[in-house]
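These notes open a run of structures that come right after.
Here come two complexes built around chain A, the first alongside chain B, the second alongside chain C.
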Partner chain A sequence: MTPAAMTGPDPVTATGLLRRAAAWRGGGALVLLAAVALFPLVFTNALVTTIGVDTLIFVAAAAAWNIFSGYSGYISLGHAVFFGSGAYTVGIAARDWQLTGNSVFALLPLAAVVAAVVAVPFGLVALRVRRHTFVVVTIAVFFIFQLMAFNFSFTGGTTGVSSPFLAWNPGTYNDPFYYLALAIGVGTVGLSWLIRGSRFGLQLRAIRDDEDRARGLGVRTMRVKLAAFVISAFVTGLLGGLWFYFISQVLPQSGFDPQFDLSVALIAFFGGLGTVSGPVLGALVLIPAQQYLTEQFTNDYLSQIVLGSLFLGVILLLPRGVIPTSSEKITSWRARRSGRLAAAGAAGGAAAGAAGREDPR
Partner chain B sequence: MTALLRAERVSKAFGGVQALSDCTVEVARGSITGLIGPNGSGKTTLFNIITGYERVDAGDVYAGDRKITNAPPERAFALGIGRTFQLTRIFPRLTVMENMLVAAQHRGVRRWHNPLARAGGQADRRRATELLEFTGIAGHAKALADTLSYGQRKLLELAYVLVADPEVVLLDEPAGGVNPSLIQHISARIGALNASGTTFLIVEHNMDFVMGLCDRVTVLDYGTVVASGPPEIIRNDPRVLDAYLGTTEEDDDAPDP
Partner chain C sequence: MGRQIYEAVVDGILVGGVYGLMAVGLTLIFGVLDIINIAQGILVILGAYLSYALSVHLHIDLFLGLLLTVPAMFVIGVAIYWAFMRPLRGRERTSMSLLASYAVAIIIEGILYWIFSPNYVQLNAWYVISSVRVFGFYLPYIYLFGFALAVALVVVLYMILYRTRFGRSVRATMQDQTASRLIGIDVNRVAAVTFGIGVAVTAVGGMVYGATSGGFNPNSGYDLISRLLAIIILGGLGSIGGALAAAVFMITLESLVSIWSPNWAIVVFYAALVLVLTVRPSGLFGRQGVRLQ
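Let's look at the complex of A and B:
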């Protein structure tokens, strides 16, 4: 029997469906991108654009976290190490080299490189253990870094590091941060998409499913995991540097913030772990929601409780995240619909095919 | 002529249990070698040692003339030693085709390549499709591996080990837990592969399967080789009957085809 006869649904229709779905996704992404790019032109209020910058930083941070944790299945709760390292790197450099004006942005690549360098020994130690032990090791490393920031003199101890005064127009102060965060976000999501379809991404997902089996099929797992960890750290450090100028100050508890670790993980879980669009959607929904709630209730604890309940609701109803669960629903709905359409026409042919089929079950 | 694969005087203990002691097993190039023995006799431990999942306490493993003792799994695979697991291990959240491509990435490895290139070039996909057709599960190529039945998973595991063209394939109970018609199917496929040059080392409890397929059988008991030879000699060896507490004899009562 021919291979075409074994593939089930008519290949022409299946390709057509796939193409249409890809067109919808591409179109949706473009519309979303245009809306986000025009946002600061429409909403010029600094309070609103500040939320916009925060949201975009988390879009990129969650996408970067997902490149490592989402694809490999190694859940890191230590990414604040990279965020803080990036923030402190530009903070200390700006303080010691007394940079002002737009030249401060030239330091951002340095923040990314320092975070990536930190990720190498961190990864070589932590990636030897798996699952829960890995999570615990990342938390431990995170606290070591926070303690170091508190106690070293070059990090400024408890007073942290403040940036030099940036004499920019307060009305448009947020704009460069907004568009830089947007550019980093788009770049990271693009990278995440490239990696997901690549052999590197396939190796990461194989590690997520069964690391030992992957080794037995020739995957050099340590190298692959470490590469993803370093890429993820690079982007996170870049964002830490950007965030430092945005806030113009870094403290040990704000640079190395446990809330950051939980947030990026929550965002990715909410949107869909290991998907390209999940972390984007998660951050676009959760960060503004959190900020809105904080302003509505003025009481930080209450907004946290509301957010926590929302998360519990998602875990109950959409345990694998919004994107995978809803795409499954759509696929099964489509299959049912096309099944009904095909049933009438294909009944005769399917029976003939089944008879000659040596399909072991 | 040196054997394609040889475990020489290998010993391995887990705590107080001696899983293998002074065990020597050879697999000749082009052969289908059977490895039998009661539960706990060390068959799977030997597999794990050859493929790098366990380290030896003593002894050596050779691939041809090359010593590969304690080589990690990825290196053993790169040297042309593929294996399947007793409890089938596939990648459940990858599609069947993606499962195939994980192993295919090491075909014709170049020193430098673009790590962000799409997974699976045309040649890899063609080879993967050929093997899926050969094992009879090509119709499921786009399905998540999680949706396959137990027997289909066995076939997928066999197919993706073959995708990198290994010289020798170690099969851990290929006929375990699958229905008789599928056993026939698997047996025929192994025979066909062997005819085209692939060497096999097979652990199996199904005596008809082993005796019908293998041209040499090694018997393990308490981690030691008690007998080794052609199947017709082995099936009448009193030491083997003893090791199996007479179960081989019952199997033999079944009418020969």
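Let's look at the complex of A and C:
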């Protein structure tokens, strides 16, 4: 029990429960952030910090994907378009403008802007159709981009683009990437939290629940969907640029990677689609697990089979994700307990029941 | 040049017919179950590998082998439906089915890599090697045989759908699931059998694909599924005639563009889809109801 709840007027009422839950969430987020920030100081092994950078990139990517797909209910399997566009943008710009050293990092905003610009025509076409057709259109656009990267000459074709050499100390080479990815991740999750509570976020969730009725109530659906799509693309492009410097090379099949599309969707589904914390939890669990599996099974195909089975298990057993399912369990347990406490006189049970219907975050 | 165009059109129609059969299976599954089966592409490859195993190890003719592989794929389809698709419930069912079948595809792909390795293989028989003179140029027999078989099977599917009692219950389920259940149709059985049929056609599609594509490996499933999805969206989800027309149109377009540049042909293929959808969001033959879910 937290001090805030102890001093509250009546811990059993709905407001009391909500305040206590908010305190728990805020405290948990701070502890997690501190642990993640200290992580590279404790684990200095480059192999471990590489997994850390990958994980943080996916935290941000899944949170960005969730801002569009989770809130609006339009599942995108084409976000690798933005990731790859970001990576190619910084790669081509650094190559053609002959930038070297740390100055290349000044190009990262350009990656985000290019991805956002790509998202406008993409969204204008793809968002005209409804949900399941949308999924397929995103896959089609994704393949167009991958094939263009293969076929154009300025993308370097099958050899791709290599990044300028960074003359850093190999011992701490990963650390700048780690903290940059962490900063982007924290920013994206914060943005996701702000959007979820805003009027814009409510409009997105109204579209998810019933698009026709939302339009009837005056939501400019196309504008709202496109805005979320562009915001999501902006962050994904930024991450693509960062990832390119980290990997120091981009190929058509690694920049525009179908596994990326699937991974961000899997992470968000695992944690809880449309929640703020779900994608964070999903990435923190799944990416290290996946890396571990790949190292354990020297057989690459076996790790692929395990990944697919894991995905299938999540969809069948936890169709709504870990966060919504567990928060439901916790609130119903609390409601039962407070119902027992209040059985003597106070009608706390009903209030706690009302709290139980709060949307999971 | 005129001759090249002529060849490309004939080629496009013959190959398009086979794609049409595979796309009909996919669009039928969507029409009845509201499920987009992403695994269709890798199931085609699985069908091709089954034919490959039968012909290499047991020396069974490719067409004769279909008598074994078609029922096998039907059973696999029903099993996938019962184990992974039937438990999906609720509002997000279509999206969930997409992801679940994607996961199934990844698992099958991994298993195929494991058993058959990533090396490209091709199906072989006398009718794959020797050619016949049709419409003034030479084509391997398999193109004609495959096209004939695909057309025959599409006719059979049409007969099943429009002339049998089972077909009537399938069409009723496509129109309104709740009403069908109320008048005593076993919707679960219809769904399972439809999924089975939709997957069974991949055995035929896989065999012809394996013999005409000039080599395949487990990764070829991605190329197939993205084409098939583009075809059924263009034709209008759930429309069987639309899927056939779109298959022939798209494959012909691709083979025409590849006269000029094989690299850009597939880009034009997807660009055509995007262009059509900007004008008609429900596809060429789509019902409005499909668009509104």
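For this structure, a couple of remarks:
In this section, the second predicted complex is superposed on the first by the 333 of 361 C-alpha atoms of A that agree within 3 Å, B and C clash if a C-alpha of one lies under 4 Å from a C-alpha of the other, contacts with A are read in each partner's own complex, and residues count from 1 in each chain.
The working rule: a contact is a pair of C-beta atoms (placed from the backbone, for glycine too) under 8 Å apart; a residue touches a chain by one contact, two chains touch by 3 or more.
If you're wondering where the values come from, they're calculated on a predicted model, not measured in any experiment.
Of the two partner chains placed by superposition, only chain B is touched by A:213; chain C is not. Of the two partner chains placed by the overlay, only chain C lies in contact with A:130; chain B stays clear of it.
By the touch criterion defined above, A:197 lies against chain B but remains apart from chain C after alignment on the C-alpha atoms of chain A.
When the two complexes are superposed, the chain touching more residues of chain A, out of chain B and chain C, is C.
After overlaying the two complexes on the shared chain, residue contacts for A:19 are found with neither chain B nor chain C. Of the two partner chains, chain B is the only one that A:221 touches; chain C does not reach it.
Shared-chain residue A:205: touches chain B; no touch with chain C.
Applying the stated contact rule after C-alpha superposition, one finds that A:329 touches neither chain B nor chain C. Contacts of A:337 after superposition on the shared chain: neither chain B nor chain C is touched. Residues 212 of chain A are contacted both by chain B in one complex and by chain C in the other. Contact residues of chain C toward chain A in the complex are 36, 84, 87-90, 92, 94-96, 98-100, 102-107, 109-111, 113-114, 222, 226, 229-230, 233, 237, 263-264, 266-267, 270-271, 273-274, 277-278, 281-283, 291-293. Across the interface of their complex, chain C is touched by residues 73, 75, 77, 125, 128-133, 135-137, 139-141, 143-144, 147-148, 150-151, 212, 258, 262, 265-266, 269, 273, 299-302, 304-305, 307-309, 311-312, 315-316, 319 of chain A. Within the complex formed with chain B, the chain A residues making contact are 3, 6-8, 194-195, 197-203, 205-206, 208-210, 212-221, 227, 358-361.
On the side of chain B, the complex with chain A involves touching residues 51-53, 72-74, 76-78, 82-83, 85, 89-94, 98, 101-103, 105-106, 115-120, 129, 133, 136-139, 141-142, 149, 151-152, 155, 160-161, 164, 178, 181-182, 185.
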